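Please see the structure below; I have some questions.
Per-chain residue numbering starts at 1, and chain names A, B, C and D are given in the order in which the chains are listed.
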Amino acid sequence: MTFGQKQTDPTSPMHWRGDMQADYMYPNGVAGDKFFKHLMQRDTFLATKCDKCKKVLFPPRMYCEDCFEEILESNWIEVPSTGTVRLFTIATLNAHGEKMQEPKIVALIDIDQTNGALLGIIRSNDITKDFSGKKVKAILRPKDNREGTLKDILYFEEI
Amino acid sequence: MADEKKDWPPYAPGTYVRESDIREKKITYTWWEPEVQYSWSLGPAMSKFLQGLKAGKIIGIHCKRCKRVIVPPRMFCEYCYGPTDEWIELPDTGIIETFSISYLDADARRIEVPILVGVVDLDGTPPHHGFMHYFGEMSKDEIKIGMKVKAVWKPENEREGSITDIKYFKPL
Amino acid sequence: MKEVAVIGAGMTLFRRHLQETGKELSYLATKMAMEDTGIQKDEIDMVVMGSAPDAFDGIHMKGENLIDGSAAVGKPYVRVFNGGGTGVFAPIAGWWHVASGVADICLVVCEEKMGNCYPHPQTAFRHIWDPILDRPLNPNLIWLFAMEMNRYMNAYNIKKEDIARVAVKNKRNAVGHPCAQLADPNITVDDVLNSEVMAWPVQRLDVSPPSDGAAALIFCNKDIVHKYTDDPIYVGGVGWNIDSTMWTNRDLTFPRYVANAAKMAYKKAGIVNPAKEIDFAEPYDPFDYKELHHMEGLLLCKKGEAPILTREGVTQRDGDLPICPSGGLLGVGNPIAATMGQKVCELYWQLAGKAGKRQIPGDPRVGVGQAWGDIMQMATVMVLRRG
Amino acid sequence: MCVIGIGHTDFNSMTSDIHWKEFMYEACNKAYIDAGINPRKDVGSFITCAEDYWEGFSIFDEFVPDQVGALLRPCCTVCGDGLYGLGTAYMQIMTEYFDIVAVEAHSKVSDLLTYGDIILHAFNPIFDRPVSGPVERPNYGGSPEYPAESPKPLVGSSDEKERIHPYFLAGLEMQHYLKTTGTTEEQCASVVVKNKKNAFFNPYADYEAKLTVEDVMNSEYLFKPLKKYDISPNVDGAMCFVLADDKTAKDLGIEPIYLSGFGWCSETPWLATRGMDAEYAKKAAKMAYKMAGITEPRKEICVAEVDDRFSYKELQHLEALGLARPGEAGQLAEEGALEIDGSMPTNMSGGAIGVGNCLEATGMQKALEIITQLRGHAGKRQVPDVERGLAQAWRFLPSGSGAVAIFER
């Protein structure tokens, strides 16, 4: 026996409740700020191109993670807000592990003209469909409602 | 090299953001409120301690090898790494080990009437053994290290098995 | 065991809020250290990340999130953590990667983004307390240090103005540090004593501010150090030590864990008489009294003697034993783990003669840096020396 | 370098009767007694592997020393799986600062009420996390109050009501794995059947079950193609290992198990640019094999415990580790080659599917099984003549990091 005594009385206090609640304000970063400020004005995305490895990084970055070179102002390019579904899944559970009110199609979407991708929700009338390889476009909030976060992309839908 | 005599680090990269830039949305940012809740198991020692508080008692535990009375109690002694097992009821008196006069509350907001808070070194334990609590029925000018104090308990029907079953410690 | 050299360092601006994400801050500090050394990403074998609570950045497993900014994509990468002690512990971890012979070149990056926790990082500090014994009392973090400071003042009969001198010295030392958040060339002891009382005896100017920032450091095996520099700075010894979680079961007067960690490092560095053999020190100074407390813990003076040395000017930059010549946390800022920039990076810059306006006169050969963390219980110590 | 002592608690879905400090103490005490040492005198350094949000403290490191025996001794936290701790211990001993180092890892996940939300909290907050749902806390409570002069600045609010469970990412990755390797869902199901069966022979496993491939295939799709049984359930458990250099082990008169190789590696955290082929495991294995002098892993490794927190992960990892050719693992599972009496016994303990997902201790539980096998103490699940085994860890969603350790007799 590791201890001199163990808990044997199930009516004694057993648990103590607590939390680590706090609220977070994440600045979108130098690259992120540029991306989202652009998205507030236009219906297209921005991406960044690394001079060394020639990859078009998306979401855009201030540096290339592989080459570790800074990305210059001149290497920001505009790309369309469309893409191809690489992978998708039908999520049925919410974060508490309970059934969601309605299942959601979550997809990893390769953004056109880039080497990057974006997670997104696909809205469709037909949930049983195979979305792999399908072309989709981002549906954005009305311009006067955009706030400069990923929430400005409401969802993706098949073209 | 000549330039080594210059300031170092040679430059300080980073983009300063003022609080007003956030308020006025000059920079974009993302908001998130995580849901982070726990329900920690108490185990025998803490369960017994909280039961004791509910009954108006301070419960400690004895380590026979180290000849040490430990409060708050635990199931093992951190000095000899052996198990502890003999429960001891301690008096609710002690001396002020150290204290602070706080003009800030938990969220760093200013308050007018300061909180007197500190560590009580309980009687019947080795020196410097006790727990943190509030002090009351004394002014910020009267409180001092080494002062003898006694617990003021909540009425029995309001106690719920928490450290706050003791309202505060008052001068003895 | 391999001998380990420091070959480069970098750090960012320290401010309450910076626009860069944690990744981007790590990138800026890392890039600066790499340019200082003239090293490419491919030459780095392994990476160590030092970053304090996840609750500041607001990202669970935040070490994982910072990988790409720390030049660690595709490399062995590990994050170490012991609260405020991380600022010196991360370089200790970098040291053992090289000293063990597992890596030849190891990059250490420290990052902190306290501004993410909104409106104030104080919210995250609420969760460092024991949930059963302390949190129901609704404590403020400052209480902890006020209680320790009071105990220390009471034991040795120390006056507040002697403690305030530390804040004045460090905020003045920080003038000339390009990263500094709170440098002030004109601050006086009276300014500190008249500042707003937060939790007596702690006043507004006794405290270092929360900040965003990052720092980086590159360690190299002695066998290949000639490729990068002719004048390397070596790690003499390291030490770390932890005291009991139950801080109300300890005497807070003297930090015995700091003394244990210091003894461990000094023994390995062959230092017998630290007060004589160490030329300058960067003890951890999130509060002004902590610098004094830690000088005593680092065995640089007798118990209760640190305030006297400070009063006599011994600890000034041009004194016999300069303490916190960088400006410390009080002057430069306190992005918990990223204070590696004022602690270990500063040792390197001073010993390499690269400290610019902050350069200690004379020819410093041995310096000690220290950090302190967790709930007043963790000490991390690193001794650097000239080759 | 060798392991001279191991200790662990029982593994249970709930451990309401014991405080997490006492839980850690139990595992550590058992390891010290197994090694025949006194932690207060003999152990040079202590390492705990933990992450703050799993435990519920902003700085978990502060709550560690007392119960592991580290009072006034060198002690630190490594934010990684238990296997990262073993690697750290290896390096610390190699510096010649210490002879004996103790490594502890644990899961007390039953203390945690909001598991899904906490994994979501590990996602990139700007480009990934907002996809999962509303930025506002679904059940508001216990959070900061905003004074009138600085009201709460909210951005990104929407009409969504709930956040998606983060396991959707495993659903995506599984689809990628099935597509690129031609592995079938039935083959993944056979991994579940095997691991749940193995758990019957493991006295500390908590999720043993007698299932058929049909049972697994008939379980509902939660994150298509990921089904209910493909997902490992959570479990509480604590473990401690004591490591020492060869000379110290010899002096103690212990029959040691050697830690002959280890490696670890991280891929980019960006989901957008990360491949989904467990590159981290490939690189970590390469490093570990080099250190252990292994050139043909399939022949030289007798038993393997690989991360199987989702059934397809076991197959994906076996391929990444070079223990199966790309696309071959599913077939091996179907043919029974991964069974205890097969040609490449894998997850004899039951793995995470049979024992449970023990967070940062998952890799440690794998190493525990390998050491038990090497010692010949595995009872009915013992593989005969085990000379060398491999344990592998993954840092779980949403990361692309992992470690590999090789143990020898």
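Operating definition for what follows: a residue touches a chain if its C-beta (ideal position, glycine included) is under 8 Å from a C-beta of that chain, and two chains touch if they have at least 3 such contacts.
The structure presented is a predicted model; accordingly, all values stated were derived computationally and were not measured.
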{"item": "Any chain in contact with chain B as well as chain C", "value": "A, D"}
{"item": "Partner chains shared by chain A and chain B (touch criterion as defined above)", "value": "C, D"}
{"item": "B-D compared against C-D, more contacting pairs", "value": "C-D"}
{"item": "Identity of the chain that, by mean CA position, is farthest from chain B", "value": "A"}
{"item": "Geometric centre distance via CA averages, chain C-chain A, whole Å", "value": "35"}
{"item": "Centroid distance [mean C-alpha coordinates] between chain D and chain C, Å", "value": "32"}
{"item": "Chain centre separation in whole Å, for chain D relative to chain A (CA means)", "value": "26"}
{"item": "Two or more partner chains touched - positions in chain A", "value": "2-3, 6-7, 14-16, 18-30, 32-33, 65, 95, 147-150"}
{"item": "Multi-partner residues of chain C (at least 2 other chains)", "value": "17-21, 55, 58, 68, 73-74, 115, 118-120, 123-124, 126-127, 131-132, 244, 246"}
{"item": "In chain B, residues with contacts to at least two other chains", "value": "15, 17, 22, 25, 27-44, 46, 50, 74-76, 78, 107"}
{"item": "Chain contact graph, described as a line, ring, star, complete graph or other shape", "value": "complete"}
{"item": "Residue ranges of chain B touching chain D (in the complex, touch as defined)", "value": "22-23, 25, 28-46, 74-76, 78-81, 107, 109"}
{"item": "Residues of chain D that touch chain C when the two form their complex", "value": "51-53, 56-59, 61-66, 70-80, 84, 87-88, 90-97, 118-119, 121-122, 124-126, 143-144, 146, 150, 153, 263-270, 279, 283-284, 287, 395, 398-399, 401"}
{"item": "For the chain A and chain D complex, residues of the former touching the latter", "value": "2-3, 6-7, 14-15, 18-26, 28-29, 32, 57-59, 65, 86-97, 100-101, 104, 106-108, 115-121, 132, 147-151"}
{"item": "Chain C contact footprint on chain A (complex, rising order)", "value": "16, 18-33, 62-63, 65-68, 70"}
{"item": "Chain C residues touching chain A - in the complex, by the definition given at the top", "value": "17-21, 23-24, 27, 30-31, 34, 40-41, 55, 58, 68-69, 71, 73-74, 115-119, 123-124, 127, 131-132, 135"}
